[in-house]
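Notes follow once the structure below has been shown.
Naming follows writing order (A, B, C and D), and every chain is counted from residue 1.
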Amino acid sequence: MAANVKTVKELQVRLIANHFNDWMGLEIIDLDEEKIEIKMSWREEMISNPKARVTHGGILGALVDVAADFMIAAKLGAPAPTVDMRVDYHRAASPGDLRAVGRIIRIGGTFSTAEAEVFDGDKKLVASGRGLYYTAPLNK
Amino acid sequence: MAANVKTVKELQVRLIANHFNDWMGLEIIDLDEEKIEIKMSWREEMISNPKARVTHGGILGALVDVAADFMIAAKLGAPAPTVDMRVDYHRAASPGDLRAVGRIIRIGGTFSTAEAEVFDGDKKLVASGRGLYYTAPLNK
Amino acid sequence: MAANVKTVKELQVRLIANHFNDWMGLEIIDLDEEKIEIKMSWREEMISNPKARVTHGGILGALVDVAADFMIAAKLGAPAPTVDMRVDYHRAASPGDLRAVGRIIRIGGTFSTAEAEVFDGDKKLVASGRGLYYTAPLNK
Amino acid sequence: MAANVKTVKELQVRLIANHFNDWMGLEIIDLDEEKIEIKMSWREEMISNPKARVTHGGILGALVDVAADFMIAAKLGAPAPTVDMRVDYHRAASPGDLRAVGRIIRIGGTFSTAEAEVFDGDKKLVASGRGLYYTAPLNK
């Protein structure tokens, strides 16, 4: 696979220029040729059920999407539009910061596939998934 | 299929007891035996890219999930935990309120499948998808 | 949505020119502007578990894919390459012919999304799903 | 993760007791604590398009499903019913034997998630995906 073309610093600027990513308090904490690691700062508005106090699945899905897409951004220079995605919810996510790790499955000419795992503060896998990204414009 | 067991009023209370749903300004605007319709109030923090000003895919995914799950809630009495989901992004969603329509695919003993479509202010389909819900506890 | 550009007869020729579709004994039994209906002739080799004698999930998945893709073929002139798909298994499918109904979710410039449901001889829903198809070449 | 409870020999017997798996000529060629590797013997009936002579997506989907499920079988003693699955098609698969590698994503009390990659004779990734399996009965 091609080498990364963007630094953490460049990707971080792009990441939080995105308002919703900024609202989620996203911060890239690690990047190598194989994976990107993004931390999310938990906030009260992310709760799904006030009794169970678990984090909303929409937040976990957004994290999977962003982590997968920003590993594509590291390789191709910019995040690409998400065409579709699948998210698996493995465990309820209690209040607290989360960490998402994104990896490339395949970079293609027209579309690319990437995946991500989301971990809670105890390093337990709470969600994972994969998305398809339209990378044709980035490959030109 | 079984008749609805909850009213719009009851479902609405449950819907926005959920903090993130409340943050998204969700409101049930229609419910019959076949479908539920939920309106989302757009907010600036939902933007994905400050230049393109499109709504974040994570928000659209959350809407698909909530609309599908609340049609299950209408039939079984409460929303059920999402086990996994797929979201397809059909068009960029410009700033503005969105509307999601949820329908049941199948209510089963252990899990149930439901789907939803998300429309923009011009009634164009911007996203759609389906989720699997763990409904065993609700069927007891 | 655009009108169909192919007849059942034309689509049927294309359908079974495909060896695996021919092996599954596929036959288009209905087509209108909204949906295509394809019958599958069951065969012993399709069994998954010799004790339970249920039809293999791979066969049901292939049916979802083919029915969705041939509704695209009816609209655009030819089936398109499948980029990804999701299949939900709702009930075990006992030995016997199956029927798949395909519908368009959205025809787009670059990709299109379509869905299908698979029914057993008792008209029970045994599987359903949706696929993403790369239709750019067909739109040129 | 728990250790494997089945040997290749035991799993192979179970694998091809399944008629469709036998038709696909499936053979387990490797198994360790992390992954299972299954070889498929290509046959003419698997062709999708007689001109392009590519392998049918339904066959690739079946392979993803079987490889993922038999890694679960290695851990829990038997394959589990597939609840839903996602398959991504990365490249056209030319005529020739294929190899699928299955891995566990998460073994849970009620359901488990597993994934698989399918490679052609040149070791190129032609498809990949993940499935959800209902493992509650196996955990009892």
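Definition applied: a contact is a pair of C-beta atoms (placed from the backbone, for glycine too) under 8 Å apart; a residue touches a chain by one contact, two chains touch by 3 or more.
Predicted, not measured: the structure shown is a model, and the values here were computed from it.
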Other chains in touch with both chain C and chain D: A, B
More contacts between chains, A-B or B-D: A-B
Between chain D and chain B, distance of the C-alpha-averaged centres to the nearest whole Å: 33
Distance from chain D to chain A - Cα centre to Cα centre, in angstrom: 27
Euclidean distance of C-alpha centroids - chain A vs chain B, Å: 22
Where chain A touches two or more other chains, by residue: 83-84, 86, 88, 113, 132
Of all residues in chain A, those that touch chain D in their complex: 86, 88, 90, 105-106, 108, 113, 125, 128, 130, 132
Complex contacts: residues of chain C adjacent to chain A: 83-84, 86, 110-111, 113, 132, 134, 136
List of chain D residues in touch with chain C within their complex: 17-23, 44-50, 56-59, 61-63, 65-66, 81-89, 92
